[in-house]
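What follows are several structures.
You will see two complexes here that share chain A, one where it goes with chain B and one where it goes with chain C.
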Partner chain A sequence: MLLLQVIVGGLLLGAIYALFSSGLTLIWGMMNFINFAHGEFVMLGMYVALLTVTYLGGGPVLFSLSAAVTLYGIGIIIYLTLIRHVMKGPMLAQILSTFGLALLLRYAAFWIFSANVVSLPQTTLSGIVDVGGILMPMSQLVAGVVAIVLTVGLHLLLTRTNIGSRLLAVAEDRNAAMLMGIRPDRMQALAWGLAAGSAGIAGALMAISYPFSPSVGETFGLTAFVAVTLGGFGSVPGALYAGLIIGLIQALSAYWLGAIYKDIVVYAMFAALLWLRPQGLMGKAS
Partner chain B sequence: MSRNVKLGILGLAAILLLYPLLFSGAFALNVGSAVLLAAISASAWNIVGGYAGQISVGHGMFFGVGAYLPLLIYQITGLPPLAGVPVGIALSIILAIIIGLPAFRLRGHYFSMATIAVAELIRIFTGTWEYVGAAIGLQGPAVGRGWWDLTFRDETPYYYIFLGVLAVVLYVTYELQRSRFGSYLRAIKSDERAASSLGVSVRMTKLKALVLSAIFTSIAGSLYSIKTGFVDPESGFGILVSVQMVIIAALGGAGSLFGPLVGAIILVSLQTATNTWFGGGGSGLTYILYGGIIVLIARYEPGGLYEYWQRISPRLWRSRRAA
Partner chain C sequence: MDTLNVQNLEVRYGDLVGVADVSLKVEMGKVVALLGSNGAGKTTTLNAIAGLVPASGGSIEWRGESITRQPAYAIVRKGLALSPEGWRLFVSQTVEQNLRLGATALADKSRMSHLFERVYECFPRLAERRHQRSGTLSGGERQMLAMGRALMSEPKLLLLDEPSLGLAPAVVETMYETLHGLHKQGLTLLLAEQSIQLALDIADYAYVLQTGRTVLEGTAADLENNEQVQRIYLGVGAAEEAVTTSPAA
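Coming up: the complex of A and B.
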């Protein structure tokens, strides 16, 4: 029974990994651009949630929305002021830009919020629920389910709506999309907003149950890399499966080997994946 | 090389050689050898990152292996740390091949992601492995048993050792630049597909560049740990070790011979200045500054100071001639 509980807990956390990884994979698929600051977006989402609770009060719904909206805005601003320009430059500029951004955001957070581990105050989502004998904290259950719903929602937005078609058209062929009357710049700004927004809300959802500090962004950024590689670049369903798998593997390795090994196992998996199947589980060979 | 460039290089060499005589204080010498060490590792990074255009953001793994092995050999066998240097180089070569072989099958950002993930894997793993000191790290001989332990109380010998190694790295890079191999690297950097259609073996060329780069980065790590007599996961494999190489090379000009040296002079001076102004607690501010500089370089001057200089210097000469 304890094992089953570990498995469910891992999948629920994995759902949140899936949510922020789908943002990273969206950017990658659309622009062939890797965002090294994606984990920092998750971290910022956590602190926006904390600031919202501290200064505005309100519950999980308010601070999750506030994290999503704030990060959506930050994503668009970063695209317009930085990414749009470095896209035209050499690859060194592309990698340096978000890498530098990651450092800037991480250490600015250290400076402003200090390195101390903090957590959100108790919310209405406290308490434990009993689902068929498996005991789960209410907050983790709700966060996991919301994350899955949002990830599936993002996938539906991309595949079933007009705006999604326009986003994918730009990803497919920028020039052809332009001839169809789509403005690539606007679509790419939207993609950055969606990516950062999903990272922000994922951060807020995790902040409900887990304590955090400015350094968490680094771990989440790498987790998202592994998820995107595992799921295949540009595939939101791939990121969903990969996120769930990573959550599960982390939970099981923490359970069997000890908590310090959970990240080692995931990174080792990434290294093995590089050797065996670099295009990911669901990706096509390039 | 034009006469002006030759004169510039001679002048720079003279300043570097005479620096310990001009500034004999321990602080100034410490800053001087820090500049040289940073220049060595950034120049090593430059071979694969600058010339081949394959951006590694995990070069700390080679630096760390180079830093750990001398002290590990000393702790286990009691041999002088110097004996660990070739072992570190050998391990770094193996590591470079393990990463390069699969990662260079794919183009683009793949290599960058692989390097950062493997570097983090090694850092976390080292921090839990008792045999190599876990989170506490390793220490070298407290008091030198002979000159071969390379533990000097004075900074001057380190300064000249570092300067000698830097000269070797720059000479190798210079020869590489002029060789056929160097043209292959430039071809790959500017257009991989075209290079491969002209018969350049892209994957092997990149791998060779990575191995060469790893060797010198490993040596830089060994020099660091032999001088400080101490290494832990953060100072060996930490992400900031990798970042520093990238930012220094990019600041001076990635893919130029002297770019990393110029970048090191500027960045280490800046770092020393901020640490002095803001005190020990200001290290966070140093990294905010790092991040800011990287973003600004990427946004406005991705070719670094080298390309900026190439652009403005003709105008300067012209105005001087006109005057």
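Coming up: the complex of A and C.
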């Protein structure tokens, strides 16, 4: 029963990985652009949640929405002020610009919030629930389920709605989309908003259960890259499966080998997989 | 009244000159053909009118307003739609999604269901395949979808780039019957075509391009009997028609 509990716990955390990874994969799919600051969006989401609780009060619903909306706005602002311009430059400029942005956001957070590890105060989601004999912290259960619903929601938004169809049209053929009357820059701004927003709300959901500091963004950024590569660049369902798998592997290796080995196992398996399948688990060979 | 007026259009791609000097007029309700062999500048001219490539010289006026350096997404909203070279479909999306994307520029969204009906009526094959991904369509069906998608914005002027390219002769015939029908319903057409015979059968007026310049113009009847056209282009046209109907595309 303990093993089952470990598995469920891993999947619930993996669901949150899936949520913020789907944002990173969306940006890649939309504009072939690698965002090294994506993990920092998750970190900012955590601090927005903390600030919301501290200054506005309210529960998880309020601070999660607050993180989503704030990061949505930050994503759009970053697209309009930085990304749109470096897109015209060489690949190296694009890579370095988001790498620089990541450092800027991380050290700005150190400056404003200090390097201390903080956590959110106890919320209405405290307590343990018993799901058919499996004991789960309520906060992790709710956060995991919400994350899966949102990831699936993002996928449905892209594949089943008009706005999603326009986003994908720009991704597929920018000029042809313009012939339809679509403004590519608006769609790309929207994609950045959605990507940062999903990272922000993922951060808020994790902040309910886990303590954090300004340096967590680095780890989450790496996790997102692994998930996006495993799931196939640009695929939201791929990111969902990959996020769940990473959460599961981490939980199992922590359980069997000890907590300090969980990242080693994930990255070792990742390296081995890339050696065997360079196109990723679900990506198509090019 | 002239609806589209292109004067001394020039388009450069870096040092390359795509179009050197093209002038043409399209009047409302007419069918105008752009003729010329491969590389004469037909596609570049249409792309410049639709706003896909910027004009480096000359002017493009649409109903008295300059649209010379406006972006494509603004031009389609003014009632000019292009069915581009190579169709440029959104292959990962379904036939219906492609058509719906075509209606993005539509000012009055309540016209949408009527337009869907009209496109499906013109191209029943598209109705059969409405839920299929457009990447799975045959060449002829792709051409139909590209045209149908352009029609979904309810354009006043439809720009067509090589509607016969890569299609089997029987499909080409159906395509031109459909174009004729659309014209009868009041649509104005500007079409680029390598096959002179096809174009002159449907067009009221035609321009002949050679290495990026308009070298000849006249009514379809005039050009059909023009010795220069006969000599230079019909030969070329016939040879290239044979090429285009080969399995290359």
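Here is the rule we go by: the second predicted complex is superposed on the first by the 286 of 286 C-alpha atoms of A that agree within 3 Å, B and C clash if a C-alpha of one lies under 4 Å from a C-alpha of the other, contacts with A are read in each partner's own complex, and residues count from 1 in each chain.
Here, contacts are C-beta pairs under 8 Å (C-beta built on N, C-alpha and C of every residue); 3 or more make two chains touch, one makes a residue touch a chain.
These numbers come from a predicted model, not from an experiment.
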Problem set entry | Clash-or-fit label for the pair chain B, chain C on chain A | fit
For this session: Tell me which partner A:107 touches in the superposition: chain B (first), chain C (second), both or neither.
Result: first
For this session: Give one of first, second, both or neither to describe whether A:176 is in contact with chain B, with chain C, with both, or with none.
Result: second
Exercise. When the two structures are laid over each other on chain A, which of chain B and chain C touches more residues of chain A?
Worked result: B
For this session: Check the residue A:89 against both partner chains and state whether it touches chain B (first), chain C (second), both, or neither.
Result: first
For this session: Identify the partner contact of A:168: answer first if only chain B is touched, second if only chain C is, both if each is, neither if none is.
Result: second
Seminar exercise, completed: Rounded in steps of 10, the angle in degrees at the Cα centre of chain A between chain B and chain C is 90
For this session: Superposed on chain A, how close does chain B come to chain C by Cα atoms? Whole Å, please.
Result: 17
Problem set entry | Complex interface listing, chain A residues touching chain B | 32-34, 36, 82, 85-86, 89-97, 99-108, 110-111, 218, 222, 225-226, 229, 260-261, 263-264, 267-268, 270-271, 274-275, 278-279, 286
Seminar exercise, completed: So, in the complex, the side of chain A touching chain C is made of residues 162, 165-166, 168-169, 172-173, 175-183
Problem set entry | Interface residues, chain B side, partner chain A - complex | 49, 53, 55, 57, 99, 102-103, 105-110, 112-114, 116-118, 120-121, 124-125, 128, 239, 243, 246-247, 250, 254, 284-285, 287-288, 290-299, 302
Problem set entry | Residues of chain C that touch chain A when the two form their complex | 50-52, 71-73, 76-77, 81-82, 84, 88-93, 97, 100-102, 104-105, 149-150, 153
